[in-house]
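Both of the next two complexes hold chain A, though its partner changes from chain B to chain C.
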Partner chain A sequence: MKGSFNMIDCGVGGQGVVMMANIVGEACVRAGLRVISGELHGLSQRNGSVIAHQRIGETAISPLVPYGEADVILSLEPMEALRYLYFLKPGGLVITNTNMIHPPTETQMLAKGEKERYVRYDEVVERIRASGARIVEVDALELAREAGNPQTENVVMVGALAAVPEIPVGKEHMLEAVKDNVPKNALDVNVRAFELGYGSFKPGT
Partner chain B sequence: MAFKYITEKGPARAYMMANEAVVRAALESDVKVYSTYPGSPTVEILSTFEGALKHYDLRMELSVNEKVALETAAGASFVGMRSFVSMKSVGVNVASDALYVLAYTGVKGGCVLLLADDPHAHSSQSEQDGRWFGYTSYLPMFDPSSPQEAYDMVKEAYDLSERYSTLVLLRTTTRVNHQSGIVDIQMMNRTPIKKSDWGNDHNYTAVGVTARAGKLDMLRKMEEMKGFSEGTPFNRLQYFDGEDLHEGAPPRDEGYELGIVTSGVPYNYTVEALGKLGIRARILKIGLINPVPSRKISEFLAPLKKVMVVEELSPYLEGFIRGICKDANPSVELMGKGFGPFTEYSEYNIPMLVEALSLASGRPMPFDYRSHVKKMETLADILPIRPPGFCAGCPHRGTFTSLKRAIGSTPIFFSNDIGCYTMLVLPPIEWSDSQLCMGASLGIAAGVNYGANNKVVCAIGDSTLFHAGIPGIANAVHNKHDLTLVVLHNSVTAMTGQQTHPAHELTVAGKEGISIDIERMLRGLGIEKIVNLNAFEIRKNLKLMKEALDFKGVSAIISHGECALYHFRNLRREGAQPVPFYVDREICKRPYNCIKDFLCPAISIDERDGTSRIAPEICVGCGECAQMCGFGAIKSTATLHGGENKVYYTKADHDEFLRSKEVGK
Partner chain C sequence: MAKKNRILGGAGEKVLLTGNEAIARGCLEAGVVVATAYPGTPATTILEKLGDVATELGFHAEFSVNEAVAFEVSAGAAMSGVRSLMATKMLGVNLIADPLTVISVTGVRGGLVIITADDPQQFSSQNAEDTRFFGMLAKVPVLEPVDGQEAKDMTRYAFELSEELELPVFLRITPRICHSSFPIELGEIHPPKRNGKFLRDPKRFVMISTFSRPRQKILNEKIAKAGIIADTNPWNRTFNFQNGRAVDDNKAYNTFGIIASGMTFPYVEEVLEVTKVNARVLKLATTYPLPQNLVTEFLREMDQVLIVEENDGVTELLTRALAQRKRLNVRIMGKDEGLIPMSGELNPDLVGDALEKLFGVQFREELTEPYIKAEKELVSQRVPALCSGCPHRASYYSIKEALRRKGMGGSIMGDRGCYNQGAYAPLEGIDSCICMGASIAMASGISHSGTNEPVLSVIGDGTFFHSGIPSLLNAVHNRSNIVSLIFDNSITAMTGHQVNPGTGVNLMGVHTGNANLKKIVEACGVERVQVINAFDTKRLIDAVMEEIDQPGPSVIISRSPCALVVERNVRQRKLKMYRAEVDLDKCIGCKVCMKKIGCPAFGWGDDPKPHLEILPHCNGCGLCVEMCPFGAISVPEKREGALGISVKPREVRE
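Showing the complex of A and B:
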């Protein structure tokens, strides 16, 4: 393919953002596509904001998506989708988990009376929509629980991504990459998580 | 990536991170010894080598610091083994004492040092430009742009190293180390380790007369390697015709008045930016940045009207280009640092290159990146910051909560060090008076002692203590300084992924080592006042901490408590699950002592009634917050199942809880 399909994977440290990016990368290789990813590790396990960049296609050679050029933001946490919205192209697609994770810094502001209330999910979604983005909402925590392990939220999200029509990677390649990246003893639960994510996809509005 | 690409026989097409690709290349090059001290962004090199240990005949060492790591690799090379050593940018400062002399002594077995710079200081204390190490030490240095190139360069580096009996440097940046992409890997052919008998036919020394001989030898090698630099395909000409990238020089000069000299990941940004603007340019991609290919640069410059130098951090290549221009093309317009968005600060990216090339060519920007970012950032202005912080169950949270209370209103100078506790520097905590580099807390304390009346409190992790803390302690004791050293004994090098260090019973891949007793070591260094604490006992520790703080002279507080990531991962492996705590909403009076300045990621506020809430999927039941609550509202969830209200920390505790749960039924 000429040009590139650009993606941002994001979330909170510990949610499995890097694994999500690895699955997509592997799936691209399986589909015979060129792919390049850029991640930041190091602080990623310590509840901080985490982002990975992915570029799919022949002409992409940089590990960073230029501002305003991501086709998709795949986010494990709604506030992180909003935080990295500047990477999304005008009218691009945000696929976000609906489960909010309030950072301890925000909780402390409430406790110290510096802020009245937490940021609300509806506000975040409203802001994302106001940017002109389309949004797909996935209750990944609920679906991960349904699959049998709440820690499979990232695989649920990959499932939802695989259902996006404009994604250059097919469902089968994505599923194979999931199987390749998850612990062997947790294969079934992850396949279920993937399928539940895939089935939950509704075109963005 | 899947580890399969390390064990794969090859050849194959792989998807790898550059940090993994260099390991693959080193293994294919039959490397036998690998040494390192962990540091971001190089950690995946270490973990990949560690994983490779059970598949290949290979020796690996987690050295006490980068200097020892480099010396270990050099020693192996002296006796004929191929070796590899990796470290982060600032680690090379520690190793540089050995590095500069190694250039004089030369090596025998191929020896490659990977040094990883961190422009933007994502996870480092500075944006130091490591390229100068190559130039100032007279050692050849590669600068890859992609995982494939990093892989190819490591393989070339081993040839070069043995051909010229020289240590070879591979300089990366965070955006290369953590870049994943397609890598075409070759066949894995390895030989078994066979120790030689040292025959003393050559020595590796440098002092006086041997240093001068070494210097001449080194200068000769550098001169010879200039020829290599002219010919290597890593220094290559390309051109962009407005649509596509081509190898070599353009078929005609017309329309190609702009030339770009670049290396590393800025090369990638440059090529994509050219495509976005649809402009023509010649490119000289420099992959071997020391020695630079002067003749090639000179020929490249000759037909140009404008030359742009695209490099992050300092004007390293620009200096060479400027010098060569004087003869090759004095009228060429040079666009380097100071041109458009180019500065010596932070990283480059595609939008910056689009802006620079738009300025250079007069073509309009295809997209207004700046106003787009500004608009989106305004939409995001409701978001709270999400900096990294101490994990749920982290012993440091307990240690620093008690320390702060023990210090009270006494004006102290808090001399911090490098590790997870460096996060104290960041908002919203922002508690540290100084923090420089590994082990600096102690040296700084000595100087503060001369100039200020305050008690100095130094905080240092166990791994950092071994790495660079010991000289500072000997110095402080000997010179009768007045400081309290807080040793955060969490058993591992936590920040970089919980590697073991000399106080641990294990070395790498579960191999047994000899554990050094930190208390005995400190006593041996002459510290008389030492208190040992359990990091999690916030209230109980106050008195002992005060004792140490009140001591005149050098005192030490050893705060014990395993890194939560490490401890609970091991606990889960043993088949036990943490027993979380919970907030009894009937008792909670909402003073938020469990939240304020405590910042546990498991605790939030339930907006329905304002009570604190503990997320059971995050809480590991360390019990620190329960001690903060004056009302006894925080209890172990064990109490809901017939268990005791206590911390279930070890496997034995968990077994006991399960038994009581059964009885409760």
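Showing the complex of A and C:
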């Protein structure tokens, strides 16, 4: 475990969590790093919670990150970052999209009157911060739109990840892996998304 | 995605592959000639990957109608002397038990490997059964890899072992192997030798009792031989962990031992590294039959041994029996003593808990309060739901509405597929979910029980082909008073849109014609059968109400393409996706729509007043338009034509 860099990728089914993990995994291979990724398919259809574990480095043994051992949580949705926060090391880094996707169960609770209102973004972020985590907020939806396709949120997030100083993979390897994983006819839009994500990174607070 | 197929890399290359891809690659390296499966998470992608390359490499790959058929197809090929594979999730092994327990008696000529994916955490399964018991039942060896590299290499080896023993061989995996990616060094791909020939040998293959009886002895000899071969299996290995590190020194100076297999081995490694507990570890690759000499020698040097395994305590059971037979004085611990959980998948933390109980060492800090509390208070569950625009939602709404209007109560027996998600509120559309094909027969049973209430059943097209047809024949033959609905989206959607006989194209990409669902139902002798568009709720409600009053079995085929297929086709054909819109002047925030159908595209807005909000993933199916008592919801334009039934799952090759 010592010496391996641990990551949790998460989000909501349909957002491209698995592709995000694949990009990071392949970037590691390009960088000559040993990597083991653990994904969960099956019920990762739309609306489900999706998580992938990634362990980078020669000492990476099992694909599961133990509780409290993740260096980074990379989340396409804020509530999902909070859901998996127990994987984060004390003082670890959370990189989260600011765009909330409310679970249908929460909407159902509103319908039944079991809840007054939706959970707010600032409440979620406040909880993440209260745990002692550092947090980087990325408005991935806005940046994806700016790049030309709102579906590139996941590549925006990969861009933001690439800018994190402690990540063992360089920007070039990450970008090459992006190019290798996206449809050929959407290459430009994804490269723009990556660069916008990269540029948006501000060290966590 | 125009990516190079990852399983086709050159020998010596090191690539990142999932466990399922690694197994597919292992089949190519073994020169597999026939590969079969019925889709089932987490094993589905093995055959998808093989299907991608089958035509190019010249072997046969198929998604069969069900697991028993898949296994029999593979067994037939293996009896003809060629290597063949069958891949399934563990529940499919229940179906193959019938042929398997006889084919182990006849044995095979070409290698026959069964990949079985157990699901201890029940990520996508109705139970958590342990398929190693089927190995014991049929006297078929079971191998278990600990990572992707072993999964690939052991697949290749399993074919060799199967040929050496002339027995089928199980390779048992779990979701953490199937869906994890590992760096894997590739071997040589061997071209398939498609030179099968079935040689007549009635005393071996005609298993009437007079011929079968003498073969029991042969089977017993084979499985005993498997145990001897297991003693020298190179993947069975022992390690000494001293001070958190594995050392090569093979002297048994540790008196605490651990036996671990499959994914639990890396968990054990990790925990020993951190806690620095000294232990001798046996990594067990052959979980049935046990390598007797190896395990005996291992136990002989130990005072106590912890057995770490997922699902049931099978290794624990076999090890205890062996220790008793060899009169070894060693304490064997595991699930029986409550150190290893009886159910659910393991992880490093749970293995750490066991060592903490034994030695008081700590694997990790206790989770602190803010973490646990934060999750419970703010984070709602995301349960899998029927997608927005899913035709099953419309069908369930109609069925329930018909029952409500009838006012006679009633029960709806469900089956296995996407439509299981209709069990959740507010639809609550099914009253049972047992196994593939159970719906129609169980409804029949209820109808014969003396109930006065209507009895309905719901089954998808893929599941109907899989195992619904005999139940329907039975319902006709024995005159069950039921209404059977077949939800027909012409594809096996639950596992990710695999082909079935109704799709019209097979896994190899060849057009083989669509099985005609209506004609099959008619041919079963059902007199009352109708096909209705799933979104035509008025007709569907009327039909269900009408059929409830009719004696005998009747069938309603509720047909509409899968919402995800529709969306894909809309995108590919660059058509406009119309979405539902809410008229804020008319919406009073009554939430009737939410309470009736609860579409995941429903959101809630507060500005300027509480109202329904339509989220971006709405695909304009229009079901909600009918739900609103105030006419506040509309869809600007209906989509033209049926955008799904003609789906081509793979590039068509003739």
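Methods note: the second predicted complex is superposed on the first by the 203 of 205 C-alpha atoms of A that agree within 3 Å, B and C clash if a C-alpha of one lies under 4 Å from a C-alpha of the other, contacts with A are read in each partner's own complex, and residues count from 1 in each chain.
Just so we're on the same page, a contact is a pair of C-beta atoms (placed from the backbone, for glycine too) under 8 Å apart; a residue touches a chain by one contact, two chains touch by 3 or more.
Just so it is clear, the structure is predicted and the values come from calculations on it, not from any experiment.
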{"item": "Chain B versus chain C as contact partner of A:Lys184, first or second or both or neither", "value": "second"}
{"item": "Contacts on chain A seen with chain B and repeated with chain C across the two complexes", "value": "12-13, 22, 25-26, 29, 34-43, 45-49, 59, 61-64, 66-69, 79, 82-83, 85-86, 102-112, 117-119, 123-124, 127-128, 130-131, 180-181"}
{"item": "Complex contact set, residues of chain C against chain A", "value": "1-3, 14-16, 18, 41-42, 45, 123-124, 147, 175-176, 179-183, 263, 266-267, 269-270, 273-274, 347-349, 352, 363-365, 367-368, 370-372, 374-375, 378-385, 387-388, 425-426, 496, 564, 591, 594-595, 598-600, 602-604, 606, 617"}
{"item": "Of chain B, residues touching chain A in the complex", "value": "1-2, 13-15, 17, 40-41, 43-44, 122-123, 146, 174-175, 178-182, 265, 268-269, 271-272, 275, 349-351, 354, 367, 369, 372-373, 375-377, 379-380, 382-391, 420, 423, 427-428, 495-496, 565, 592, 595-597, 599-601, 603-605, 607, 617"}
{"item": "Chain B contact footprint on chain A (complex, rising order)", "value": "12-13, 21-22, 25-26, 28-29, 34-43, 45-49, 59-64, 66-69, 79-80, 82-83, 85-86, 88, 90, 102-112, 117-119, 123-124, 127-128, 130-131, 150, 180-181"}
{"item": "Residue ranges of chain A in contact with chain C within the complex", "value": "1-2, 12-14, 22, 25-26, 29, 34-43, 45-49, 59, 61-64, 66-69, 79, 82-83, 85-86, 102-112, 117-119, 123-124, 127-128, 130-131, 180-184"}
